[in-house]
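These are the structures in question, set out in turn.
In the two complexes below, subunit A is the common chain; its partner is subunit B in one and subunit C in the other.
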Partner chain A sequence: MTIDWPEKFARKGHELFLSGLPIALHCHHYNMNLQKTLETSLGSEGVLLLYTAAEESSHAGFTSFLEHHPKIVTAKSKLELASTSYQYCGLGIINFTKIGPEGGIVTSPHSHHVTGWLAKFGKRQNVGCFFTGGWVAGVLAAIYNKHIGYFSVDELECKMSLSKECVFEVKIA
Partner chain B sequence: MSLLHNEQPANSSPEGWQSCRQFHNCIKVLCEAYDDTDANCWLIPKTHCQNYIFEDFFDKMASCLSCDYFKEIGAQDPKGLNFFIAEQLRNCNRKAFEQQFQKEASFVAILNRIPDGLFTFDKDWRINYFNPAAEKITGFYARDAIGMYCDDVFKITSKGSIDALRKAINDGVDVHNREYEIIDIHGEKKPVICSTSAFRNDKDEVVGGLEIFKDIKELKKLQGEVVKREKKYRRIFEGSHDMIHISRPEGKLLDVNIAGVEMLGFTSKEEMLALDSVERFWANPEDRKNMVALLARDGSVKDMEFNWVRADGKPVHVLLSSRSYEDSKTGEVQYEGIIKDITRRKEIGELVRKRNRELSILNSIAVAVNHTMGLDNILHATLERVLNVLSLSSGGIFLIDRVDKKTILGAVAGLPWLKKGETVELIFKDVLLRQYLIESNSELMPEASFPYFQASYKTDNEDSLLCLSCHLIISKGKPVGFFGFALPPDRIIDYLEIRLLGSLSNFLGNTIENAKMIETIRQNRHNLQRLNEKLFQTQEDERRRIARELHDEAGQSLTAVKLGLDNLEQKIPANNSAVREILFETRKMLVRTSSEIRRLAYNLHPTLLTDLGLEPALNLYFKDIGTHSRLNVEFQMVGFDGRLEKDLETALYRFSQEATTNTLKHSGAENFSLKIIKSFPKLIFIAEDDGIGFDEKDICNDKRSLGLLGMRERAQLLGGTFLVKGRPGQGARIRIEIKMAIDHQTSAA
Partner chain C sequence: MAIDTDKIVHAVMHGSRIREEKGIIPLFGVYLSMISVQYYNGISFGFEKATGNDGFAENLLVEAGQECGYATFQGVRSSWEWEEVVKPMIEDIEDQIHCFVSIAIAFGWGDLTVQELVPGKKLVIRATDLYEAKGYLDVYGKADSGKCYMVRGVTGALMDLVYGDDYPEGCFQYTAVETSCVAKGDPYCEFIAQRTTS
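Let's turn to the complex of A and B:
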């Protein structure tokens, strides 16, 4: 499938837009320092903040994206698009092969956040891909035409703690 | 269709092959047809050969295209010659790739087995290969590390270092064996040694690189340990209070610590190391030769004592331990060792030895004094030991009599013309000292030892004087005597001997005083015993005299009065009843008085004791006790077949009286037992009651104690022992044992 990315990261001044939505691109150092700061200062609330922010932005972005591509109608196509979009944004590789409207398992063998964390802070003792979890919840809600918060995503295994891949369990909240 | 392993056509021309071979002239050809004229044509390109698929392939292919045989074979392909040629090319490419992959796989397998960490990176410094050793060192999995920047995986703690590394690589300089500290994925710092090389293209542009690194944590740890031990060794070496040295067998000093420099009186280590040999330190060079021989034989010597000489010539006594070893760098045999200055220790040891000798002498004298309480024996034993210790043959102990202002010889050995116990007319060299010591009554302040003085006495020849070295004997600040030694001409008494005599004099002075006091006490005791004996004898004599007076005089007078009353009664008229009544009462009073006097006289001295002996007297006494009290008396005399000596009988009678009286007065006993047993050579007196008893601690405060004291005195006068025992509620028991002499028992029955 060939995707015509709208505006192709059209640069307007110093602003970037994706599917008509302004976005900010940060390097892994920035993202990891941000996550570290939120976790250290706010604890579980900081984690929730990361998760919900990612969920909201991915839900809004992907909903807008789908609106721009009305020909993409099947859930399988949408999931493939989401996976490609994740990779295209430089967030890593994500597989939606075991997912359905009721939830399922999502895996990520490569992740921008994992690489960043390992490079910056080394091994974690617990799971740490909160952004990815939120992003998956938002995208799936958009794909299955649900509201934000419909799905809850828990990370079962994480490459930040040196697992082979990141494994997310998606359930209906 | 492929030419590989195809059969050569039978009609092929060998000449044509030969020309082709000559044309190519390739010695690397591994074609199956090579050097085999009977085999298929080898001019087929190497595409059908094993290996060597690249070299000259296209040249040879061009040659083959001009080869008739090749064309003939190719034309036989069902798809035509062009397809045949294309198939040869495809086979070539396939084999080339297979070989390429095989080579790469081999390289990767080799790299994976390298024990050092290794990774490669591209021109952007992104990792594209990461071996297992690198995984182990950094903690990153290869799957994660590949694609990451070098900085993010190989995290060098100093930022400047990685920049320098990048700069060096970009400048075309490879970095070899440089040490860094990295932080692994667990946050742990690890020292590594690292070499980095750049991959360059034909234009000499950096297209990537290779990083090989090794975890040197253990190595660093060992290096740190070595440095620490080196420092520790150096600290011990320089901080030691003993000399530590390294030298060659011939004597050249290689190293020495400050303690060694100071011990041997040098001003600096350099001055000492400049010496040609250490032999000059040895008071006896033979000692060093012996030590070198021992080191050559045994490899080490331990705690050997030697006399050395300092730089200033002063002697120093050393304790040496050393070993020989082979220098690991030069292979040269060297000695290393510790040398301890024990000069002071030796001096102290000698002092202690002398002190021990002194204590030993004092102890032996104390032992002798304890065993011989007589003053003469004490003085004799002391003099004998002192002369022995001082290795002298003649001397004496002179006692000062400050009352008569004279000196008496208490003990003597080897001094001519002097006898023990006699007054000695000593001539003091210092006349004032004589007056001070003997004639005045002044006291001396306590001192550990007093200076010796000289005195002499006249021998047989009036003009000849024997000089004595005298050492005062003091007790409680007063001179009680002095040692006087006749010294040989070359003999002097050193300060240690003077101190010894001082200690001994203080000790002996008190001993002499104690002995004198004991003698006085003994004499007083003897006098007291004699006095007691006299007292008891006088008491008995007086009792006996009073008893006799009472019996003979007062008794006779009362008898005469009674006879007078009888005459008077006969002359009184019978009807004068009033007078007769008075006479009757008077007679009754007279009889009672007479009876009292008789009993009093008997108690003072029982005539029965004198006349019939102890047993009848005591039988009568206890019969009388039984009459006047409720006390049950059991009396036994065992083993007697005759009378005892009069004094002994009297004493036993008095013991019995006192014991019975005590029981009656104080014990409240119901039963009283008295046994007198003759068990030669002892006579045993045992008195027991079942009364209230007493506490032995209170016996001195008890009223009975005076009576008991009298019994003890009487027993001791008879050479016997007196023992009294009692416990509250358990009665009392008196046991007296008297040694019997044969003459204690009279032959008279």
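Let's turn to the complex of A and C:
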């Protein structure tokens, strides 16, 4: 089943919706500033906050999306849908080819957060795609009909620290 | 010529449907993303709760909004889209503020209107439906202080860009306060930016 993403992106007056869920357009300046503010002031607690906020919002969003598209039933189709939604939202490219209900590996050769961070702050010494990690955890929990927190996602390699691509390891928490 | 908000909104809606091969949305000189407002509210209010509501998170979030607004709208007004779509509508320097507000509306930040603009001195922006205020009310109930940190910071940034020193030296030369907020039970959110006093 093919999703017509532009058709799902709608404006009602001053509000924006993607498949019925309220969204906002923000640029890399804001997204990276928020991340840096939380990391700098709260350290690991700030990182967890970024991850958790992404996990909760992607779980809610993708669960709702799947409820509105009952014809999308196989895990493979849902994973493909997740990948295209990530791309449509301007978040980048994400590959779920090595993932299953027990976890696995997710890779991302390009992302909004990597491009934005490198443009704004330059190379990092450590991994930094906390949004994407949380987003993956939430989406996978929705796809496999699990609760928030079921999967844990660790970033093993990150383009923000100049690795070839971002690599995320997904495990059952 | 009056500022045609609909034309600006249309340009943003059209442009934000275009992705380059890396899945990135380059538009108006910045990289855009479409993210659930639940995420942004989760971060902002989670940060505030984690630090004890003592104003620490509030100050940093307003600062992040102001620095973002300053860099974002500088990128916007340096873009080819601005040159092509927006600049023909601009007759005087004050029009820039109205165009920036139209772009903020196009980005889905809320129903912002310029209530008052005293050149170089004061900007008053109002809105009745901002995702920060609405998000706070939905999750935490009535607030005892303004909760629209991003828009508050951006209000200061618009004055910085138009009346402050040349970019990038002018950030934080204006400071905004939120004088009323829907999250507090007020009928609208109101932001007033004036010259920063030391």
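Simple rule for what comes next: the second predicted complex is superposed on the first by the 168 of 173 C-alpha atoms of A that agree within 3 Å, B and C clash if a C-alpha of one lies under 4 Å from a C-alpha of the other, contacts with A are read in each partner's own complex, and residues count from 1 in each chain.
Going forward, a contact is a pair of C-beta atoms (placed from the backbone, for glycine too) under 8 Å apart; a residue touches a chain by one contact, two chains touch by 3 or more.
What you see is a predicted model, and the numbers here were worked out from it, not measured in a lab.
> Which chain makes contact with more of the residues of subunit A, subunit B or else subunit C?
C
> In the overlay, answer first, second, both or neither for which of subunit B and subunit C A:T115 touches.
both
> Quick check on the superposed pair: does A:K159 touch subunit B, subunit C, both, or neither? Answer first, second, both or neither.
After superposition on chain A, A:K159 lies in contact with subunit B alone.
> After lining up the shared chain so the two structures overlap, which partner does A:N95 touch, if you call subunit B first and subunit C second: first, second, both or neither?
So A:N95 meets neither subunit B nor subunit C here.
> Under the stated touch criterion, which partner chain does A:T107 make contact with: subunit B (first), subunit C (second), both, or neither?
neither
> By the touch definition at the top of the document, which applies to A:S57: first (subunit B), second (subunit C), both, or neither?
second
> Should A:K123 be classified as contacting the first partner (subunit B), the second (subunit C), both, or neither?
first
> Same subunit A residues contacting subunit B and subunit C, which ones?
109-110, 115, 119
> Please name which positions on subunit A make contact with subunit B in the complex.
Listed in rising order, the residues of subunit A that touch subunit B are 109-110, 114-115, 118-123, 159, 162, 164.
> How about subunit A: which of its residues touch subunit C in the complex?
For this pair, the touching residues of subunit A are 6, 9, 11, 13-16, 18, 21-31, 33-34, 37-38, 41-42, 45-46, 49-50, 52-54, 56-58, 60-61, 86-93, 109-112, 115-116, 119, 131.
> What residues of subunit B sit close enough to touch subunit A in their complex?
Listed in rising order, the residues are 139-141, 143-144, 147-149, 151-153, 155, 183-187.
> Write out the stretch or stretches of subunit C touching subunit A in their complex.
Against subunit A, subunit C makes touches at 9, 12-13, 16-17, 19, 22-25, 30-40, 42-43, 46-47, 50-51, 56-57, 60-61, 63-65, 67-68, 71-72, 75, 105-112, 129, 131, 150.
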